[in-house]
Each structure stands twice: as C-alpha cells, then as structure tokens.
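Below is one structure; the comments refer to it alone.
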Amino acid sequence: MTKLDPETRIPDPIELDAIEEARLRAAAGLAPIRSSTPEYAGFDQVGIPDRPPQTEREREVYSLEEGEMLINMGPQHPSTHGVMRLVVKVRGEIVVDIDPVLGYLHRGIEKLCENATYTTVLTYVDPMDYLATMHNEHAPAIAFEKLYGIRPPKRAEYIRALVVELERVSSHGLMMGFLALDMGGLTPILYAFINRDEIVDMQSAISGQRMLFNFFRVGGVNFDTNDEFLSRLGTWRGHVLKNIEMNERMITDNEIFRARTINMGTLSGADAISLGVTGPNLRASGVPFDVRKAHPYSIYHELEFDVITQQSGDSYARYLQRIAEIKQSIHLIDQIMDKMPHGPVQAQVPGIIRPKPGRAYAAIESPRGLYSVYSISDGGPNPYRFRMRDPSFISLQAMPKLMPGRLVADTMAIMASLDPVMGGVDK
Amino acid sequence: MGRRRALSTPALAGSLVRLLTERFGSDLRDLGTDEDTVEFTIDGARNIEVLTALRDDPDLDFFMLADEAAVDYGLDAHFEVVYHLFSWKHPAWLRVRARVDRSDPRIETITHLWEGASFHEREMYDMMGIVFTGNRDLRRIYMSPDYRSFPQRRDFVLPDDAADSPAAGVNPLERPETWDLSRFGDGSR
Amino acid sequence: MDFELLLGLGRFVLATTLLLLLTVPTAFVVIQMEMKIIAQMNLRFGPNRIGPKGIFQSTIHGFKVLAKEDTVPDQADRSTFTLAPWMVFMAAAMSMLVIPFAPGAIAADFNIGIVYFFAVLGLSVVGLLVAGWASYNKYSLLGGLRSAAQMVSYEIPLTLSIVGAVVLAGTLSFSELIAWQLDHGWLLMWQPIGLGIFYVSSLAEVNRTPFDMVEADSELVAGPFTEYSGMRFGFFFFAEYVALFIMSAILVSLFFGGWLAPWPFPAQLGGFAGTLYGIFWFFLKTYIFVFIAVWLRATLPRVRVDQLMGMAWKVLLPLALVNLFITAIAVVVFDL
C-alpha cells in the first residue's frame, strides 16, 4: 500500500479553480477573496456556497430566481432525524427544489470493516441503522457464512428471525411516532417508545446490550434464549396489539393527520423502482417486493405470510403499510415461537475465519428496505472489500422528486414518512 | 466448493445461464454461479448496452437495481463496478461486474436506466474516484467538497492524502489563522 | 376634582402594577400545567424534582431564562430586535386591563372594553412580525410572515363571532355583558355557533396547537423566536402563555358568565366576599379552558399553513356572518 504518485492521479473532473486559487493566494500570503460577503449579498443570497457550482444539478439548485431563497434545514434542525442538511429552495412557503447534503455522520464503516476480522465486522456495522441494529448484523452474517461455506444451526436461524422481527416491530412503531411528531403531535412518539422499551428490554435480556447488540456470529448467534427473555416476550405479546391500537387511535383517523398525509408525497410504483426506493415505501406504492418473499433468506421460506401492499403510494399509505407490517411481524413472531426447534445455536467455526477467495452477496429486508452486503474475500482474515447498501440512503433520493410544489411544512412530514435513519445514510 | 452446502434458496440458475449465453454470447466472461447468484464480467465500455438489454428484455426482466458498488483490485490491477440486479423471473441475484481501467477510471452512468443509481455513483466517485460520465450530479456526497483524495482506494494512506487537501487535513474552522473576521463586523454595534 | 383625578390615577397605577405582577405567576402556572399535564397524558412522570411533585419547575425555568446570556445576532437590526419582545409582552399585559375578574375587580371598566381588548391583543402580531424581520434569519422571517397572515386572518372571524353576543346584550362593556348574562342566562345558550367560532379562532390567535404555525418547532425551529435567548425569549414565552390565559378568561367572560357561579344563589353576594367568590369562579372556569387547550396540544398534530388559512376564510368567516345575520334577525323579530 504505497501512496499514489501525484502525476498518476486521475484528472479531477470537477472545476477546482476556485479552490486552487484560494490555495495559491494563501501560499502567497494574500487575503482570501470572497465572491460575496453576507453584508452586501442580500438576505436571499445567504446560504449559497462561495465557490463555483461543481455540477449541472448543483447549479440548478443554487441559482436563485427572483423571489426565491434557500433555507438550510439542518444539520441542527429539530426534526431532520439525525444530522443531515436539506437545502430547500423556497418561493415564499412553496418548495421549489431540495438538495439533501449528507456526510455529517460519515464514519467510514466500510473502510473500517476492511481492516477488521470477519467476526469483528459484525460489531462495526451495529451503529449504522441504529433503529434496526439486528438487521445490520444479519446481512453481513449471511454473507460471511456464504463466503465461509457454513450454515448456522436451525435454532440459531429461528432466534435470528425472532430478534429481527422484534426489531421490525419496534422500528415501525417508532416511525408512527416520528411521523406524528414531525407534524406537531407530541404523544404518539412516547406511546411508541413504551413498545420499543419493552422490546429493548427483551433484546437486552437475550444479548446483554440495549442498542448495539453484537448478537450475531458467523455461523450462529451469541446466546440461546433464556427465561427472562421468554417471560418478557410472553408479557409483551399479551398486550402489544393493544399498545399499537392505542397509538393508532391517536393517529389513524385523526382529521388533521389525514389532511396532511393523504395525497401528500405520492410516489408511483414505477418511480419508486427507478429511484431504488425499497421496503415499506415501495410496497406502499403497490409493488409487492419483499426480500423475505422475493428471495427468501434465513428461515422465511418456512413461515407463512403474504406481502402486504397499499395502492396509493402517498404518506398515508406508507403509514398504513407500517402498521400492517407491525401486525404481520407479530404474526411471524408467533409462528417462529411455535416452530422453534431445539439444538445448538452456534456452528463450529474457528476464532479467526479465513474464507476461500470469493464473493458473496446477501440481501435482507430491513425495516427501511433492501439492506445488502457485498463482501469479497482474498483468503485473508479480513474482507478485501465490504460494501453495504443502506435502504434509507437510497430512499432519500426520492425527496427532490416528491417535494417541488409542496409547502415547507410538508418537507418534514414527507421525509418522516420515508423514515430514513441518518446512521445508515451516512454509514 | 469444499465445505459449502447449498443455502436455503437453491439456485435454479440453469435457465438464466442459458438465456444469458444466448443473448450475449461471447461478451460474457467468467460466467459463474453461486448459491443464489449468477455473475459475469463485462467490459466497462459495454455496461449500458448490457444493462439495457437485461432490463428491457422480457425474458430477463431485471427491473430492479439492487446495488451498485465499486471494488478496487489494487494498484497494478483495475477497478470494478458491480451491479446487482433483481428479476421476478429468475430466483437468483444477477451480478454484473464491469471492469474499469485504473489509469483512466471512466464509465457511463446508468442514471437514465435507474435514477436511483445517482447516489450510488456519487458515493463511488467520492470514495473511489470513478468518474461516471453523463451523471449530472457527480459531486462528493460524504466528504466535503474541497476534499481531494479518494478514501476507499487501496492506496489511500490517511495522513498523506489528508494533508494533500487544501485545508491540510484540518477543518478550516479549527485553524484560527485562516479566519476572515472582517466579515463579522467590528463588534461595536 | 383634583383629588378624584389623583385617586383615579392612583387606582390605575395600582391596578396596572398588580396586573403586571399577575402575569408572572399566571405564566408560571400555565407553563407548569403544560409540562405536567402533557407529561401525564404521554404516560410520563413530568417534572418531579423541584418542590413537592415538581411544582416549582416552571419557576426555576423562569429564573434560568433570566440567568441566560442575552445574545443579539450580528446581522440583526438591534433596535427593533430589542423592541419586539417588549411589544408582544405589552400587548398581552395591556389586554389584561379589561379582564373582569370579579365585581369591582376590573382594572379599567371601559364602556368599549371588548373593542379595546381586540384592538390591543391584535398588537402582538406587530411584535412577532418585527421579531421575524429583525432577526436576520430565514426561519424567523417565515415564522413572522406566517404569524402576520394567521393572526390577521383569524382576527376577523374572532371579532365577528362575538358581534352576535354584543348585539344580543346591547353593550360593549364586559361588566355589563356579565350583568346581562346574570339576567338572561349564559351566552353559551344564546350563541353556540359564536362560541364555536370564537374558540377555534382564539386558539389560532394565541398560536396554540393545532394552530401553532408560528412556532412550528418541527418545521421552523422556533419561528420568530429562533434567534432570541435569555429574558428576551422569556418575554415571548411569557406572553404566549399569558395570552392563553387571557383568551380563556375572555372566553369565560363572553360565553360562560364570567365571575358568575353556575347557580344563581350566592351570586348576589355583595362587597368583598362577593369579589372573592367571583374571583374563585372566574379562575376556576378560566383554568378549565386552559386545561382544555393543553389537552388539545397533547392530542392533536398541527395543521398546515394553507389549511389553516383556508379554514379561516372558507369556513369560519361565512359561518360567523351567518351567525351574526341570524342573531340580528332574531333580535329584531323577537324584540330581545
């Protein structure tokens, strides 16, 4: 690993003249030039970067016509679901264009994983999509098992499916709350957290952690179920539907909520496929694509369930889709508990895994959509390349498509209905 | 395949392999199957042609781009842009590996086939420095706009490459000597 | 003559001082209610550390706000930026002048009290607009413009909704209105449509959920208040909660018989005892409506700004006009 010679560096396609010039001026001891200082630029010019636009699209977003201005929503905005920045071009209250600016939470997990052994990779992926941590571990675990050519015992697969479906219930439940919160409803989010807290307690009982579980292993899971987990699961199962319904009563038929979500942010099925939107958002647009059915992994081919879809593809359909999937997941949990076999939960694997050179692709259905891992082994103890496709990263591209013509108030409501998680977006 | 046993989804890949060889013939290299993946390699220059055919051919019907990723095979080798596709008609993921020359890493964008490829391509440009010609929004997505190196290349060495960026690897806000305080007024108001 | 003038002046100064002082505990109580009741409705504990059951939490918040650094953005227009919180707070405090707490406990019993009230409360929109403009912040600007649009629009149905009551009672003075209600029964029975319109519009007028467009914390961060800190923000905050109290008080005076007890018997109580008795009923009824506003905040999401304006102009305004029309005809026909 030597540093590339500057001469062989590829010519940068971007016009970096301004940056070059700034560097030269700094080297010569001159003060930097600013194309516009805030005092003289005028109020509507605030927020335009003081460098030439790098691409066609950037020029489009950052050039203002009469009566337009840019608003930076984020990175410290109360409801951007983490640290992201939406550059919103508005004309009065009407959104003209929107440009998501990412990277505030970028930790370079892919690069980190290339320097970690296969077992420790599973700890690095945890904080990606922090509302679906178990799912984050699931796909790499499957990919590494494919690379190593090993299959976890049946009971391990069932425990995996169980914790993953529990996580789906908690994540979808939170989406209900966040959607209402971004419209100003204070209560549903706290009702959702009651449900999530119980699930987190369960996960803590089985894995020893409350958020970053590190529960999956190559070839199995870390622990078998224990009494505390099972008793908590039983109690939770007794009243979870009542909890969900309590929250639903706050939201579903609320006149204001309906007025703000029906026909808002409508995404057609064809557009959703083209934009790479997956998961509940895609199914809400009427496309019955669910990795659990389309390409069954783990033990999903042994479970009975149908792919739920909605027709309209608007924010309300995305919300209804989440509720339907919560109920479906609870149904799946019942089936898993019925069918759970006995046996070991961990296959025999060495401490340091050295798979044969090869490639493996594993995709799972995370609460936000298709989450996949593409891993390449060169025979060494750590992956040569470890690539993660995060569904919320891709779903964000729908924002510039959905927003034009809507109001500023809808920005957050529509974004919340897409349910992105910034930890996953920024990797 | 040694210890490897078939996974839960046995690849019924025979028909797909036959279809692919029929359609593309000698274009395909390294056609191979995994437990649930069929893969082949193409030339980077032919990616649009092949992907359009895969998407639009009614027998193949790979309507969904599941993933688009870049792999760096090292200094003396090449880049690879890897497309993963999904079709209802075939119970296997299709992996198309397009080779890109390392000295001039350019490849056609596929944003006109799948709009959603845009963020993937921005990420690949940001991390690997692969230029997707025709992508109208090819700018940095994770790193800051003035960053000059490509962190996921195999030859990336952190201190050196960061020092090569205009701010010498330091956030400008952390370097008081670069602050232009005049724009904040003299504070007398 | 001179003595009477002096007495009147002295009485006025005393009354205004008392009212200004009253705003502080009122704001504390309403904020405390907001925190604690919403917490209970959210199945949380709410503040429970400061004082028994946490009852001094909002007081501590008040002192905390006093202790905060008071910042002014560099680009802001300093003079108007400083003036805005004062304008909003004074609008709320001045409108308290005509609130009829009890017989004999009105700071200024104008014969045009109702007109005065709406005129003065409407001034707060100027303060919000100025705050939004002076902050040199786009969120503030949008919030200020929203507040102007919203409050000006809702003032029209708000004012029209009580014209029916005024026509019925034939007076613009609060105390006479309450006296009328003592004879004829609460206006609630006479003006149910007017009451509905007034309640919805008053929520919008004081920026309460579901009409809290101005603040809209999930869209506009904090609207016109975004750049404020310290006691300047505290003034806005106080004014908002005092305005909620005032609106509930006016609602009670106009439609729920003000200081009157629900049953007639001891309402004839004279003197100081009568005043105390009136104050008791007045505050009880007022805080019931404050409670309902808090309850609404815990329950409802926020409407969108275009839906809000549509409601004012398409629903409430025609309804208020119809109400006024019917009332006027009834007054003429039945010679009320």
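Chains: A, B and C, in written order; residue numbering restarts at 1 for each.
Keep this in mind: contacts are C-beta pairs under 8 Å (C-beta built on N, C-alpha and C of every residue); 3 or more make two chains touch, one makes a residue touch a chain.
Because the structure is predicted, anything quoted here is derived from the model rather than measured.
In this assembly, C is the chain whose CA centroid lies farthest from the centroid of chain B.
Comparing chain pairs A-C and A-B by the number of C-beta pairs in contact, the larger count belongs to A-B.
For the pair chain B and chain C, the distance between C-alpha centroids works out to 59 Å.
Separation between the centroids of chain A and chain C, computed from CA atoms only, is 44 Å.
One inter-chain figure worth recording: chain A and chain B are separated by 19 Å, centre to centre, where each centre is the mean of the chain's CA atoms. For chain A, the set of residues touching two or more other chains reads 38-39.
In chain B, the residues that touch at least two other chains are 185.
Those residues of chain A that touch chain B in the shared complex are 1-4, 6, 8, 10, 12-14, 16, 19, 22-23, 26, 31-32, 34, 37-39, 49, 51, 54-58, 102-103, 106, 108, 110-111, 146, 148-151, 273-277, 289, 294-299, 301, 356, 359-361, 363, 370, 372, 374, 376, 385, 387, 389, 393-394, 396-397, 401, 426-427. Residues 38, 41-44, 75, 136, 138-139, 141-142, 146, 209-210, 212, 216-221, 297-307 of chain C are the ones that touch chain A when the two sit in their complex.
Listing the residues of chain A that touch chain C in their complex gives 38-39, 43, 46-47, 69, 71, 77-79, 93, 180-187, 190-191, 194, 250, 254, 256-257, 259-260, 407-412.
Within the complex formed with chain A, the residues of chain B that make contact are 1-5, 7-9, 34-37, 39, 63-67, 69, 71-72, 75, 82, 84, 86, 88, 91, 93, 95, 103-105, 114-120, 127, 129, 131, 136-146, 148, 151-155, 157, 160-161, 164, 166, 178, 180, 183, 185.
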